[in-house]
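Worksheet for the structure shown next.
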Amino acid sequence: METKSVNHFQTHVLLIDCPDQQGLVHKITGVLYHHHLNILRNDEFVERTTGHFYMRTEFVGPLNAEKVIYGLRGILPDEANIRLESVHPKRVVILATKEHHCLSDLLVRNMYKDLLMDVKAVIANREHLRPLVEKFDIPFIYLPHEGLSRQEHESELLKAIAPFHPEFLVLAKYMRILTADFISHFPNRIINIHHSFLPAFVGANPYKQAYERGVKIIGATAHFVNENLDEGPIIMQDVIHVDHSKTAADMARAGRDVEKIVLARALKLVFEDRVFVRNNKTVIFE
Amino acid sequence: METKSVNHFQTHVLLIDCPDQQGLVHKITGVLYHHHLNILRNDEFVERTTGHFYMRTEFVGPLNAEKVIYGLRGILPDEANIRLESVHPKRVVILATKEHHCLSDLLVRNMYKDLLMDVKAVIANREHLRPLVEKFDIPFIYLPHEGLSRQEHESELLKAIAPFHPEFLVLAKYMRILTADFISHFPNRIINIHHSFLPAFVGANPYKQAYERGVKIIGATAHFVNENLDEGPIIMQDVIHVDHSKTAADMARAGRDVEKIVLARALKLVFEDRVFVRNNKTVIFE
Amino acid sequence: METKSVNHFQTHVLLIDCPDQQGLVHKITGVLYHHHLNILRNDEFVERTTGHFYMRTEFVGPLNAEKVIYGLRGILPDEANIRLESVHPKRVVILATKEHHCLSDLLVRNMYKDLLMDVKAVIANREHLRPLVEKFDIPFIYLPHEGLSRQEHESELLKAIAPFHPEFLVLAKYMRILTADFISHFPNRIINIHHSFLPAFVGANPYKQAYERGVKIIGATAHFVNENLDEGPIIMQDVIHVDHSKTAADMARAGRDVEKIVLARALKLVFEDRVFVRNNKTVIFE
Amino acid sequence: METKSVNHFQTHVLLIDCPDQQGLVHKITGVLYHHHLNILRNDEFVERTTGHFYMRTEFVGPLNAEKVIYGLRGILPDEANIRLESVHPKRVVILATKEHHCLSDLLVRNMYKDLLMDVKAVIANREHLRPLVEKFDIPFIYLPHEGLSRQEHESELLKAIAPFHPEFLVLAKYMRILTADFISHFPNRIINIHHSFLPAFVGANPYKQAYERGVKIIGATAHFVNENLDEGPIIMQDVIHVDHSKTAADMARAGRDVEKIVLARALKLVFEDRVFVRNNKTVIFE
C-alpha cells in the first residue's frame, strides 16, 4: 500500500486487486461516496480463470488518504493490494547505449510534457548520445562498463541513479543485461523496449533472426523487466508488415518507428497508473 | 425500458444511461446486491462533454425483473434509460441483393452458432443468392422491386418480415435505400455494412471513388441505419492498405474480406448487448 | 522446369530465379519480345545478401512454350530455375479435422470462384465436417487415424488423394503432424495455416501459450509445410490486438477470423503464381 | 527532364513514364546495358485503365547522363517523361506554426541522417517553435502573418525561402492555406501532413469532426499540395482505432504519433525518388 504525495482536490487514482467476492464494487464505491469523493471513471475486471478482482477508480474531492484506506481495509479481504496515487509527473531516469530513436522521442515528449513524466537524467554506457541529451538540458552521465565486472558496473549505476530518486527506470535501447540483484531494487519499476513481438526472437539481434526466418511481420514489445531476460510482463506490442525485399538492416530501420511509439504508449499507460502487474501479466485499463 | 424473456439463474445484462450524478455506481450495484444478484462484469463511462453516464452490468442470480427495475427506478434520475436483457440468440432477418461474401459468412456463423444470432430468413431483391441460402436450410424470399414504387416494395418487405418477428434486420450488401418510414419500424435495430471508412465515400460506388481519389487505405463501416443515408451511428470500422496497382475492381475484391469481418464483429457487439446508441453515436463496452 | 497445360493467347506467368548477372532483365525480355509475347507486368528482385535474381513476368501472345524455354536456357546461367505457368484454377485437396472456419471460408470461395482454385475433395480424420462439405457438393472422405500407425494413416491418405491429382494440398486446421516422407510427395505444394505469428508459439495450443505469456497481440501464419513442424517458408502473417480480458478460448475465437483471412490471402498469392520458395523463405510479387 | 548533379559510380535512379508499348522494358534496359550500367533494382507498372507505363530503375556505373538520356529519347515515345536523379540528401525547408510533434521528429531524423534530407531552415508564422529549432542549430525564421494580406505574407515567404534553394518544402503542421500562385513555384515539391484519412474530414478541425461523427478510426494523410485544399496526390496514409471514450482532444493527442510517422514515411519515399505523380495520383515503388 502506498500513499505518497496525496493532496486534496486534485485527481487521484485508486488501484485495488484482491480475490473476488460479491458486492466489492458496491462496497468500495460506498467508501468513496461516504468520504464525498466524486468518481470520474471506474473500471473493474474479474479474471475468470483465477477469480481475481481488479478495480481502478479516478476520483476528485477532499481526500483524507489515511481515512479512506482505513475504510477500504475494513471492507476488503486481507490479501487486497491497495494503491492510492495522486496524478503527477513520474520521476524518471533513462538508461541508453548508442541508438537514439527511443531516447530522442522521449526527450522531446519530456520537453513538451506529452507524458506524465519528469526525466531527471540519462545514463549511458557509451558517449554517443551526449550531444543529443545535452541539447535538452538533461544531465547526461557516462558510465562505461569496460574493465568492470557486471556487479561493479551495476553498483556504479545504482550510485549514479540514487540522487535522482526515480519512481521508474526506462531502458531506451539500453543494450546491457541487468542482474536479478539490480532489478530487485526496482520491482515492476523498470520498463524496457524489446525490438521484436515477444516471445518471438528473444535475446540478441532479433531483426537478424527475423530476416533469417523470413517473417512477414516484425514488431516491438514494451515490458516490465524481471529477472528473466525478455520474459517480464508485457505492457504493449505492435507490429508492421515487411516483405522479402527487406534486409535485416532495413527491418531494423523500419522497426525503430514501431519501437519508439510502442515505448511511448506503454509509458503513458504506466505513468497514468493504468497498469496492474500480477502473475507475470498486466491488466491495463486504457 | 424493456424486460423481454428474462429467466431466473441465467446471465443477464443491465444497460443504464442517464445524466451523471454522484454515487450512481454505488447505488446501482446496491440494488443488485440487495437482490442477491452476482456481478460478473461491470463497465461504466461518463462522457465528459455531455455529463452523461453509461453503465453495463452482466450478472447472474435469481432475478425478479420487475422488482429490480422498480428498485432501480427508485434511485435513478427520471430520464434514465434502463434495458434488462437475457443473454439469448437474437432473432434476425437478413436482407441481401447479389453479393455473397457477407451473407455466406453469416450463414456459416449461424450454422455453427458463432454469434448470438438465430437467422430466420433471407430476403433479397434478386434471385442470385437463392442457391447459397438454400444450402443452409434457411428460407429464401425473393421480393423483386421492378415495377413497384419504393413504398410498394417496402410494404411487401414489411409483410414478408412480419411473421419472423425479428429483433434485428441485417443488411448484408442490400443495395436498396430504405425510406425513413421503413426504418422507423426498427429504430436502432437495422445494421448495415458500408464499403468505405465513413464518412469518406458516402453513397454509391465507394471503391470507384476511392480509386479515383488515389487513396492508400480502403475500409468498411458497420453502422445502425437511420433516416440519413450512410450517416447512422457507427459500430465498427476497419481498413486495409492498398497501392497504385489496385484498380477499383481489385479494391472491391480486397475490401470484401474487410466488409465481412467488420460486419460480423459489429453484430457480435450488438447481439451481446454491448452497444448504447445516443446522439447518433455508439458507446460500446467490448 | 515445368510446362504443363500451356495454351496460346491466354495469360501466362514466367518465373525465373538464378544467380544475378548484368543484363538479365534485358536478355529475358528480349526472348519474350522476339517471340511477340506482350508483357502485362514484370517484377524483379535481387537479394542483396545472396546476389540471387528473381523475376516474374505476366504476358499474353502466341506462346510456343518449348521455343521460349529453349531461348531462355540459351541466355540464362545453367543454375536457373524456370517455371512457365498458364493462369488456371489450381486443383486442390483440402485436409481438415474438426474446426470449420477455414474450411467453410474456402468452400464458399470455391463455389464463387473467388480464388484460382478448384477444390476436388476434402479429407478429414474426423466426421464433424461432413455436413458442411456435403452442402457444397464436394466429396468428403473420412479417414480416421485411430488404430493406425502414422505410416499406415498416411499411406491411406496418399491413396485417397491420388485419384484427384492435386497440384496443392491445403491444411485447413488439419490437426495431425505429417511425416517428412509424406511431405516429400508434395514439395512446396502443401500450405498450412498455423494459429500464431510464427516463430512465436510453435506446436500445440498456441492460444493457451499466448494467454499464459500475457501477450497483447495474437496472429496467424500461412506457410509451406516442410519436414520441420511449423518451420516451413512463411507466405503471409497477420495479427490482431488483444487485452487482459481475453481468455485462451476468447483468443482462439477472435483468432479464427485472422486465420481464415490469412489462409485465403496466402492461397491467392500461391495460386496466382506469385510465390518463389528458396532457402526456406518466400519471395512474393504481390 | 532533369539531370542535376549526376556523378560517376554512385547510385542513380531513373524514372520513366509514358504511354505503354511493346518491348519498353527490353529497350530501356538495353540502353543501360549498352552503357555498362548495372541495374540494382527495377520496378515497372502498367496502369490498366489508362495504358500508361511507369518504370523506376536503380543502377550504378560510369554514367554519362547526356548520352544515356539521348539513348533513351531514341527508343521512347515522344511524350515520355524522363527523370535521372543521383541519390543525394534533398535540400528541404520546413514550414511550421505551433505544434511540435512533426517538426521535432524531422529535426531528430535530420540530425541523425535517418532520411535522405538536409534541412536548411524552418520558417514559422508563430514564435513557439524557436527554442526547439535552435537546439538543433537550424535557422529559425519567424514570419508573422498578422497585418499582412495573404499575398504579402506569401511574398515574404518566397523571399525567405529563396536563399536556401530547397528541392522540397515540407509543411509540418503549417496551419495556413497556400495560394495557387505560391504553390505554382513548387509543383509536386510541397508535402503536407493532414490530420485525417482524406478524403474524410477535409478542412479545419478534423478531430472535432471525427469526434462529432463518432468514428472508430482516425488517421493521417501525407500528400503533395496542389491548388485545391486537401485534394493533392496522396502519398501515404495510416490510421489508429479509437473508441467512445476519446474526446476530440484525446483523438488529437493520439493522432499526433500517426501524423509524425506517416509524414516521415512519405518523405522517405519522396526523397528516395520512389514517387511518380500523374493525374492527381501517385505511383510508388516501395
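For reference, chains read A, B, C and D in written order, and residue numbers begin at 1 within each chain.
The definition used in the following text is that contacts are C-beta pairs under 8 Å (C-beta built on N, C-alpha and C of every residue); 3 or more make two chains touch, one makes a residue touch a chain.
These numbers come from a predicted model, not from an experiment.
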Most distant chain from chain C, judged by the mean position of its C-alpha atoms: A
Chain pair, A-C or A-B, that carries the greater number of C-beta contacts: A-C
Centre-to-centre distance between chain B and chain A (centres being mean Cα positions), rounded to whole Å: 38
Intercentroid distance (Cα basis), chain C paired with chain A, Å: 41
Chain D, residues touching no fewer than two other chains: 45
Complex interface listing, chain A residues touching chain B: 22-23, 25-26, 29-30, 32-33, 38-46
Chain B residues touching chain D - in the complex, by the definition given at the top: 45, 47-49, 197-201, 213-217, 219, 233-239, 243-245, 247, 280-284, 286
Chain B - residues contacting chain C, complex: 100-101, 104-105, 108, 111-112, 114, 132, 135-136, 253, 257, 261, 264-265
